[in-house]
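Chain IDs A, B, C and D follow the sequence of writing; residue 1 opens each chain.
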Amino acid sequence: MTDDPLAPVAPPVQLPPRLQGVEAVQSVRTPFRLEYHASSGQHMAAFLRAMKQKQILGERCPTTGQVFVPPRGVTPTSGLETTELVELPDTGYVESFCITRVPIPGRDDLELPYVSAWVVLDGASVGFIGLVAGIPADEVRLGLRVKAVWRPDEELRETADNIHHWAPTGEADVRIASYELIGAPGRPPAERQVRA
Amino acid sequence: MAKERCAVIGVGQTKYQSTRGDVSIAGLVREAALRALADAALEWDDIDAIVIGKAPDFFEGVMMPEIVLGEALGGVGKPVLRVHTAGSVGGSTAIVASTLVESGIHARVLALGFEKQSESNAMWALSLPQAFQTSINAGAGGYFAPIIRRYMAMSAAPELVGCLVAFKDRQHALANPYAHLHQPDLTFDQVVESPMLWDPIRYSETCPSSDGACAVVLASEAAAAVAPNPVAWIDATAMRSEANNFGGRNMVNPAASSMCVADLYAKAGITEPRREIDVVEMYVPFSWYEPMWLESLGFAEKGEGWRLVEDGTTRLGGALPVNTSGGVLSSNPIGASGMVRFAEAALQVRGMAGEHQVDGATRALGHAYGGGAQYFAMWIVSAAA
Amino acid sequence: MIDVAVVAYAARQQPVFDENEIEMMAPVIEDVRVATGLGPDDLDFTCSGSSDFLAGAAFSFVMTVDATRPVPPIVESHVEMDGAWALYEAWVKLQLGEAKTALIYGYGKSSPGSLRDVLATQLDPYAAGPLKADAFGIAGLQARYMLDAGDVTEARMAEIAARSMASAESNPLSIRKGTRRVEELLAEPYLHDPLRAHDVPARADGGAAVILATREVAERVCERPAWVRGIDHRMDIHHLGARDPRRAPSAAIAAQALAVTADKIDVAELDAPFTHQEALLATELGLDSEATTINPSGGSLCGHVMMGAGLTRIGEAAARIHRGEADRAVAHATSGPWLQQNLVAVMEG
Amino acid sequence: MPDEGVLHADVTLEYPFTRSTGPVVGAFLTALREGFVVGIERPDGTVLVPPCEYDPATAAPLTEVVEVGDAGVVTSWCWNGEPRKGQPFDAPYAWALIRLDGADTPLLHAVRASGPDALATGMRVRAVWRAEREGHICDIECFVPEAEGG
């Protein structure tokens, strides 16, 4: 081990006469562009179409009964394909949140700071990300009951951004049973049926 | 057949910087590899196999760069593997390399983690526009801030514990010539007054974006016997993965972390980590994760980890020094950071950590995590065979 | 060496899968679990292979891990390589004696992007990459070297295509199939002189899953396990100018290390996306095409799943041992331009 | 299960990557900006083009940058009849590996010619330099058959 930890390891380069004393290129611009024509998958398509009707769809885990939103077609608690979609209300509680002062690329309409939050919908087992507004940022708290504020009907598209933000309902806060655990556990994941 | 013993006989690192404008990508990885080979007094041809670890290839815009880099690391005619397990990749790369020695297949393996983030930028590469996803993209800070908020509520920890960790690691970094952030004039107040980015995470409590590479040479018992410098024996390794979003998930102390460390300690025969482990190189990209991981790794009771930060236990010179290298908070080339933790742990028990050496350290823990705190890779190294 | 066998294989291949990656792979992973009765709690290790570039998403493999039921946590790793190298990592893990079973999968959905152009980003980023030479152009340059040197003729390439398409008839997964005469194929116009349409791979979305098990489990869950007698992989030079484009020394080294030709080989599944590459690999591995059936599945030419084609070759070779159609089989996987990195596995019934 | 089929969306991943070159690749690109080509000598005296800071076969460091010619012999070629977005030309051309005079390893580049019949292994071609050059492989616009006048 040489004693100088930062001693250079690459030997110096010898240049031909025509390059000596010439200002050397140090970096090169290599523009990169790849286009993808992505497909959403079956379950996400159903979720996005429902969103256009101001409806929120989750999927039920075939072994634990947990409800996941948005649906991705396979639940991690079973490792199996989802067979049942579930309609969820647009009400729930704030499970965790973050007052953010960093802009989101492509969302310069958002005034800083904004509150991004994981909202557990009534009947769902996991949080669903969205913005909380209609309440001062420093009053947002774990357990806050909220309801979706949808964009005007003419602006609705196949996107979860149809929910403009979640606003407090004024109902009593949900008591957070444990600060460590998130969502609502269903049946224990270990018990599973192998698909016939 | 019983597992072969495996030791770290060489460590090499590059100077971590926001932009290493003086080297090509091959130059960056060769800098770390050549230093590791020099430490082990070996040449390229003495290496039997290479395992390269790096996080998303979008950082450099080169698909599977190991195809181009294999030859730059003396890989022609040899096995070359490329591991990618998100943030924990540096750790899992070292573990995969150790299995190649422990299984008796190879005698000397070069494991290297790298990232050259300045070729693009971390924000772009980590939050690529995705079809069908909501545009509310919390990014890493936005993802971990709510978890940190839950730990603060659960532990009732004093509000400035995160700043204490950030200040400690930046001071440690001054004793590490490779560290990216060298801020000799930084004051604690400056850390506290730093702007809040994702409440409760301040700018000063987040890690930088760095270019960098880190390499280790792993060797069998026979090869380690002829190594010129002290070696670090790998007592145990462990990896676990879990989903990042399901009902009942413990977000503050993920089951993948607690199960991984339980497996690790069982294999290493560790029952009292606080007493049996001398120094920890822990993956802390956001400062509050130090107290949280201290609890998950069994060094403190639930809700009590912050006390070890507050009372100076985790400082160089404390009873359980953490990240004396400056840690991820001082240098973060994502693909290398896990490997840097594993390598710095090895340097400690080899007595080769220089200015940030913990005197008399004989057993160290290297720890890495990735994804939504869902991928974990850890190893225990010790001075004794 | 601890005896390890391939005990189950399943795969899906289609020109386009509209489903997302996890919906595409979940049935394949469930098929190998059902075939062996080994559920998530019985699988000691999981290892997968995929590429972010194909999916256009950083950490694209994270989503697909849900199909392995990672609740409670599992021991899992991932390579940014073809699933065949994930199988190598799992095989090494089983050699440590700590794990007895391993689930391996490899997959790629290349239809959303343009695979030929994505692969251009795999070339040297300073001098070759910026020219955006796509995969067919690069392969065509290799074919020209072999044609000029007489290693192969356009007719021989057409024979390989015709034989592969005929074999593919019996493989429900294959994309390209049919009975074509060599003269007919040679009458086709050039796609990329010297390559014609039948010389280039039939791109496909999809993936494969395999389960490896040590003896005590293998003999319980599989009637005729395909024992992995040896597996080895090597890499060659990348620099297009410094390489010998008519050779793949890494394939030869791996084959010699495994004594591939020490005994009769009934079946060889070679991951050769281009016809001239099959001829090159057969030579490097020392195969005798009279005694050995090459690519009975139709091979990667008739169905090429990026990041999954190599693991599919291993699965197809093992399946023929499971079905008693072969006693000794060789499987091969490749990566990089001009067969730059090659893995060889020898399996026996 | 839902059967209305999936939704599609177009996503473009785009970034102006800026790559630091290091001394050897830097020398190659500097020479291109100045309108000539360099390679690098290997221990056996052969000249590697494009140059690397290491010998691809052994990883040994290489340091002797040497000038080579900007004309040479086609060692392999293939016709690109349907150029793709981002490739050097919209009209068909040939990809070729060209061993420049003084070099021992061929360089990948594009050859513009009337058609595949104008291409043959072993033919000589020469570089066509752009007027505006920035230190990039495309400072050589393309190669053309040396026999062609002008």
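The working rule: a contact is a pair of C-beta atoms (placed from the backbone, for glycine too) under 8 Å apart; a residue touches a chain by one contact, two chains touch by 3 or more.
As the structure is a computational prediction, the values presented were derived from the model and not from experiment.
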item	value
Selected interface, B-C versus C-D, where C-beta contact pairs are more numerous	B-C
Reference chain B; chain at largest CA-centroid distance	D
Approximate Å spacing (C-alpha centroids) for the pair chain C, chain D	30
Between chain C and chain B, distance of the C-alpha-averaged centres to the nearest whole Å	33
Rounded Å distance between chain B and chain D, as computed from the means of their C-alpha atoms	39
Approximate Å spacing (C-alpha centroids) for the pair chain A, chain C	34
Residues of chain C touching at least two other chains	18-19, 53, 56, 65-66, 70-72, 114, 117-118, 121, 124-126, 129-130, 237-239
Residues of chain D engaged with two or more neighbouring chains	5-7, 9-13, 15, 17-22, 24-25, 29, 52-53, 56-57, 85-86, 136
In chain A, residues with contacts to at least two other chains	10, 26-28, 30, 32, 34-44, 48, 75-77, 189
Overall pattern in which the protein chains touch one another (line/ring/star/complete/other)	complete
Of chain B, residues touching chain D in the complex	19-27, 30, 44-45, 58, 60-61, 71-76, 116, 118-120, 124, 128-132
In the complex with chain D, residue positions of chain A that touch it	10-16, 18-19, 22-46, 48-49, 83, 85, 158
Residue ranges of chain B in contact with chain A within the complex	13, 15, 21-22, 27, 30-31, 34-35, 38-39, 61, 123-124, 127, 129, 131-139, 141-142, 145-147, 149-151, 153-154, 177-178, 195-199, 229, 243, 245-253, 352, 354
Chain A-facing residues of chain D, complex	1-2, 4-27, 29-31, 33-34, 36, 38, 53, 61, 63-67, 85-86, 134-136
Interface residues, chain B side, partner chain C - complex	1-3, 24-25, 54-58, 60-64, 66-68, 70-71, 75-86, 92, 96, 99-100, 102-105, 125-126, 128, 130, 239-244, 246, 249, 254-256, 259-260, 371, 374-375
